[in-house]
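Each chain gets a letter, A, B, C and D, in the order it is written, and its residues are counted from 1.
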Amino acid sequence: MGRKLRVCVLGATGMVGQIYLQMLADHPWFEVSAVTGNTTVGKKLVEAYAGKGDVPRKYWDLEVLPSDPAKVDADLVFSCLPTKAARELEHKFAEAGFPVVSDASANRYHEDVPLIVPEINPEHLDAIEVQRRRRKWDGFIVTTPNCTTTAFVMPLKPLLDEFGLRHVNVVTMQAVSGAGYNGVPSMAILGNVIPYIPGEEEKVELEPRKILGSFEDGGFRPAEVPIDATCTRVPTLVGHLAALTVTLSREAKLEEVAEALEDFRGLPQQLELPTAPPRPIELRREEDRPQPRLDAGSNDRSGMVVHVGRLRKGSSERTVKFVSLTNNLVRGAAGIAILTAELLKATGRLG
Amino acid sequence: MGRKLRVCVLGATGMVGQIYLQMLADHPWFEVSAVTGNTTVGKKLVEAYAGKGDVPRKYWDLEVLPSDPAKVDADLVFSCLPTKAARELEHKFAEAGFPVVSDASANRYHEDVPLIVPEINPEHLDAIEVQRRRRKWDGFIVTTPNCTTTAFVMPLKPLLDEFGLRHVNVVTMQAVSGAGYNGVPSMAILGNVIPYIPGEEEKVELEPRKILGSFEDGGFRPAEVPIDATCTRVPTLVGHLAALTVTLSREAKLEEVAEALEDFRGLPQQLELPTAPPRPIELRREEDRPQPRLDAGSNDRSGMVVHVGRLRKGSSERTVKFVSLTNNLVRGAAGIAILTAELLKATGRLG
Amino acid sequence: MGRKLRVCVLGATGMVGQIYLQMLADHPWFEVSAVTGNTTVGKKLVEAYAGKGDVPRKYWDLEVLPSDPAKVDADLVFSCLPTKAARELEHKFAEAGFPVVSDASANRYHEDVPLIVPEINPEHLDAIEVQRRRRKWDGFIVTTPNCTTTAFVMPLKPLLDEFGLRHVNVVTMQAVSGAGYNGVPSMAILGNVIPYIPGEEEKVELEPRKILGSFEDGGFRPAEVPIDATCTRVPTLVGHLAALTVTLSREAKLEEVAEALEDFRGLPQQLELPTAPPRPIELRREEDRPQPRLDAGSNDRSGMVVHVGRLRKGSSERTVKFVSLTNNLVRGAAGIAILTAELLKATGRLG
Amino acid sequence: MGRKLRVCVLGATGMVGQIYLQMLADHPWFEVSAVTGNTTVGKKLVEAYAGKGDVPRKYWDLEVLPSDPAKVDADLVFSCLPTKAARELEHKFAEAGFPVVSDASANRYHEDVPLIVPEINPEHLDAIEVQRRRRKWDGFIVTTPNCTTTAFVMPLKPLLDEFGLRHVNVVTMQAVSGAGYNGVPSMAILGNVIPYIPGEEEKVELEPRKILGSFEDGGFRPAEVPIDATCTRVPTLVGHLAALTVTLSREAKLEEVAEALEDFRGLPQQLELPTAPPRPIELRREEDRPQPRLDAGSNDRSGMVVHVGRLRKGSSERTVKFVSLTNNLVRGAAGIAILTAELLKATGRLG
């Protein structure tokens, strides 16, 4: 398929940056041409990571650049910048002509920025044209959701399509990696649960409505699904687990629901994109799965699967309950951004 | 107040038995006269506990007896027997004339056995007379709820009384001590969450309806409150945390709800029972509390408090959300049984 | 290389059994023809493992047999039986003509049973002949060491050969998997260290002397190396870490010691056995490695590497200090037994 | 005993500061008159602690002052400043006339600064006069050891006195609280052991020699005891555990050693200082104690006890092995400084 696209990872020296590098190390379409950082600018990547993780050997000698469009040579930019830096820098890259795929929250809620889960709303990418026109940019910004949103929005899609959604209650049990390497002190979380994550519930109640909504006449129309979320931090390393109680618009047999989940496929599966798992949702039939430590998958396509389990009826005829588990670093961050970039390329939106 | 009542703890050699002994060591009304066990019959109590916990020194030399009414000399019997043993043995003690206060599940759901949370339904103790008549017993059986039910049923009571309850959704994050000392292997739970606890959700959806219901004309009438529960195990030691979404029967301002919770008092508070906390519910105003490791309280009255926090409005006008934390060994097991026995005594039902 | 040898795993339904099956699933020389168990006899293997782990799909339908030589059809038997069962059963298999490779302790210390670390003492396999003659067996028993011994005996070998050993002090920090799936209750170890493992220090002080000793004139002569061990349990899942202070027989420069460790190779490396890692010892130069969670390796050849780090001089000229990390399930149990079987085959001792 | 001395805690807003405040809240001799901080200067103490711990209610409204002698009104100053701040600030307080008791490392190794374990070397306080003369200070600085040194130096004292010490090997398993509230990220330590703590081994090999040495003719003479240390971080909250192998100068029966440990008392016990535990060393006879989570004690005199267990003979006649556990926040930091201040007062060195 011709030469690989050269990609730059903005904010490559954090925990999610590391996952990007692992997932891109053997990617068939993309190759890493540049990485940027902040306090480690000028160092080699291997030094920037010292004591905090392992980066593929082929990238050890990459020099950490400043996050400046003038310094970066790439066909595409991935951003895993911290929120504040993302707010200041991503639009500069878009303005300078770079396609930007960002898993930061800074631009997610803008009325001309698509918030993409490739299996759910690929048609939202049409908003790119509106964005470019309005902002007079050569490049553009596409965003992916908060890692916790990805933990449960996927199974909502087939339920919405087949049965309609009246209400969603979700309680999350989130891994410490979701807060970054230094985000959760061990003194805070060892043998503990913290029933509060700043800003998380707002995102988790807002984002699925945009994702599950439509893009029509140049604007987003959110889905009308009220969501009640409680977000907690638990002492797990990787894998956000969500316990859901979903009220459907109509009665449904449990086996119908199971089928809807198992049969769900999206455009990435049709297009056989490199990072797309053959089935986006895996329905576990064992009574005690999925479990974060056993089932979150690793830093490859296996980490892109959303694991659903404990499917059962609720207290009303229209209610179903289940748990949903997502690898917050892969499906929740680096992997979903890479899959989105693959979708951009496969639909002719890159170069 | 005259001599202390002599009490026997059935199944005293397990983890909950140990809490009973710690809480009874200086009790003003009760003194431990006997303990029973199973595999350790004939040993001294200190030997029975070797390697599994600490028991007050004054009880070290108590001999572990078999759980046989003919061998036990006591005015009152506490049972923390495993379910199967409880099913076989508790009624023998009642038949032999002992008042039995049990935190086992074996007899909880019988139509003539009260299931008591002393602050909520002390009037259910009237069922004792029905029970004795029907079964021709000199003694009787009174039960206390599953430790997870106690984690959230307390705040439901003032909400029911003030605003009415339409629906309750509860997701629990339960400590490993809830399964007994050997109940959860470290291989299963280190760095993990297990989204399933056998039999737990059924209990948790059933018991609050009996507790919050009425006892009229010789029978229990359950409250008509549908409950949806998901129960999970997390790597905490003590303290079951529950995340609730409660739909009230009418709109309520948040501050009204807060007041209803904070002002709630029950009969144990009026009677100033020794183990009754001054306030059964403590409403935490910090944004990140209660937390199991910090707030579950210890093996005394402090462990009897139910900690509620993160009170906030839900997605509809009639919905409120909060988290609730209970010490599963104290408020959830030994302490609630002792408080129930105190209530029995204070209401003239013991000797 | 002709047809594969058919192997039977005795005690295949425990945690180590599971590792055998994963490591043998694609083995070039061996194929699993039978598995035995105890309480799950008659079940399919997938049922025997329910809730305790994952076994390769190709073995799901294997029937669990009793550990009876008359019921088993195989060319070779691996034993990961519990000690007591091993004591009763392993010699029956040897008597019935099976070569037995055991990681159980039952037969390790007998004067005619080799205790093998393939890289260190392959010549001890000559004891098989003595064993067969003396016991009049068609088969034989070969053993591998306690998983904690394997955590530090490997680096002792090149130190002994190059510099001589005067004294070894070792303190271990052992993972919970070393005690079996149900071995360490979470109540015991969450947020804790237990400074005692029954029987472990005796094994750890005894076994290296046999392994590092010689087999001459039909008998084992242990190495004269006094060892002081303290064994502790820590809340890690996999990977036994050992902190060593080693007094050499002569002064040595640190870089000489480093070279001796890095250059060490054994017969398995020369023979390029399938499960032999290219280097048995990996010397880490980072100041904070190896760490159990990051470096123990997985259930393949990577788990066979012994990771040594923090090499530094001690308080005397002849003392060196370092830490050593081993995957207790692979290098410490299933993997070392498989490597020993490969050595038996490559040296013509099988069939 | 007359009015209480007014004390100031420098660096009161960290984790150790919190322990000082808890231990001083009801102290018979001292009362907190001032606290200092850095980034929280000007705030109330309760705000400075938000989300990081609980401080006694009586101190909630104390204003956090800058660490400036001119701003502080007190008879005595405790310093738990970070190393760098301690280096810059402690001598300013001493110069300004304050007695300073510091658990920071900044001044520990100076030739005229006593490094005190009150039970071991109270006579080193005579160095204060040398210090004052040499430096022309009205006040003075007294230091207490690194929290890990306190984990094992106490039992060395009676062994040195009774049997002589030839060599000490120590491997520590240290709690995360030893690094401060934000010191160890959960991503680093969950399910892991880190076999390296920057700078720790150097301190641990150096400090006991000063403490166990003498102060003669105006100078310190260190004890000639070579120490080999390996320091590791484990996922425990409080309690540094050390595994020791000690070579004595002469043979000793195990029971003699046990007696020497149990009979040991120091000047604080003779003077019955308020924070002195009746016995500085508790010898545990159970085979699996002490354990950090069970035995470290709490923020009072119980946390001042050093727990020794697993006493046994080593590989030579003159070698003994044992483990030693200390509450790193109390005996290792705030408590030992308070006890040192009590000793200063009781020996007439304060005001």
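In the analysis below, contacts are C-beta pairs under 8 Å (C-beta built on N, C-alpha and C of every residue); 3 or more make two chains touch, one makes a residue touch a chain.
These numbers come from a predicted model, not from an experiment.
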item	value
Pair exhibiting more inter-chain C-beta contacts, C-D or B-C	C-D
Longest centre-to-centre distance from chain B, chain (CA-based)	C
Distance from chain C to chain A - Cα centre to Cα centre, in angstrom	42
Cα-centroid distance, chain C relative to chain D, in whole angstrom	42
Geometric centre distance via CA averages, chain C-chain B, whole Å	48
Multi-partner residues of chain B (each touching 2 or more other chains)	190-191, 235-237, 288, 294
Contact footprint of chain D on chain C as seen in their complex	167, 169, 171, 173, 190-196, 205, 226-228, 230, 232, 234-237, 241, 243, 245, 287-294, 309-310, 314-316, 319, 321, 323
Residues on chain A engaged by chain D in the complex (per definition of touch)	15, 176-177, 181-191, 235-237
Contacting residues of chain B [partner chain D, same complex]	50-51, 54, 190-191, 286, 288, 294
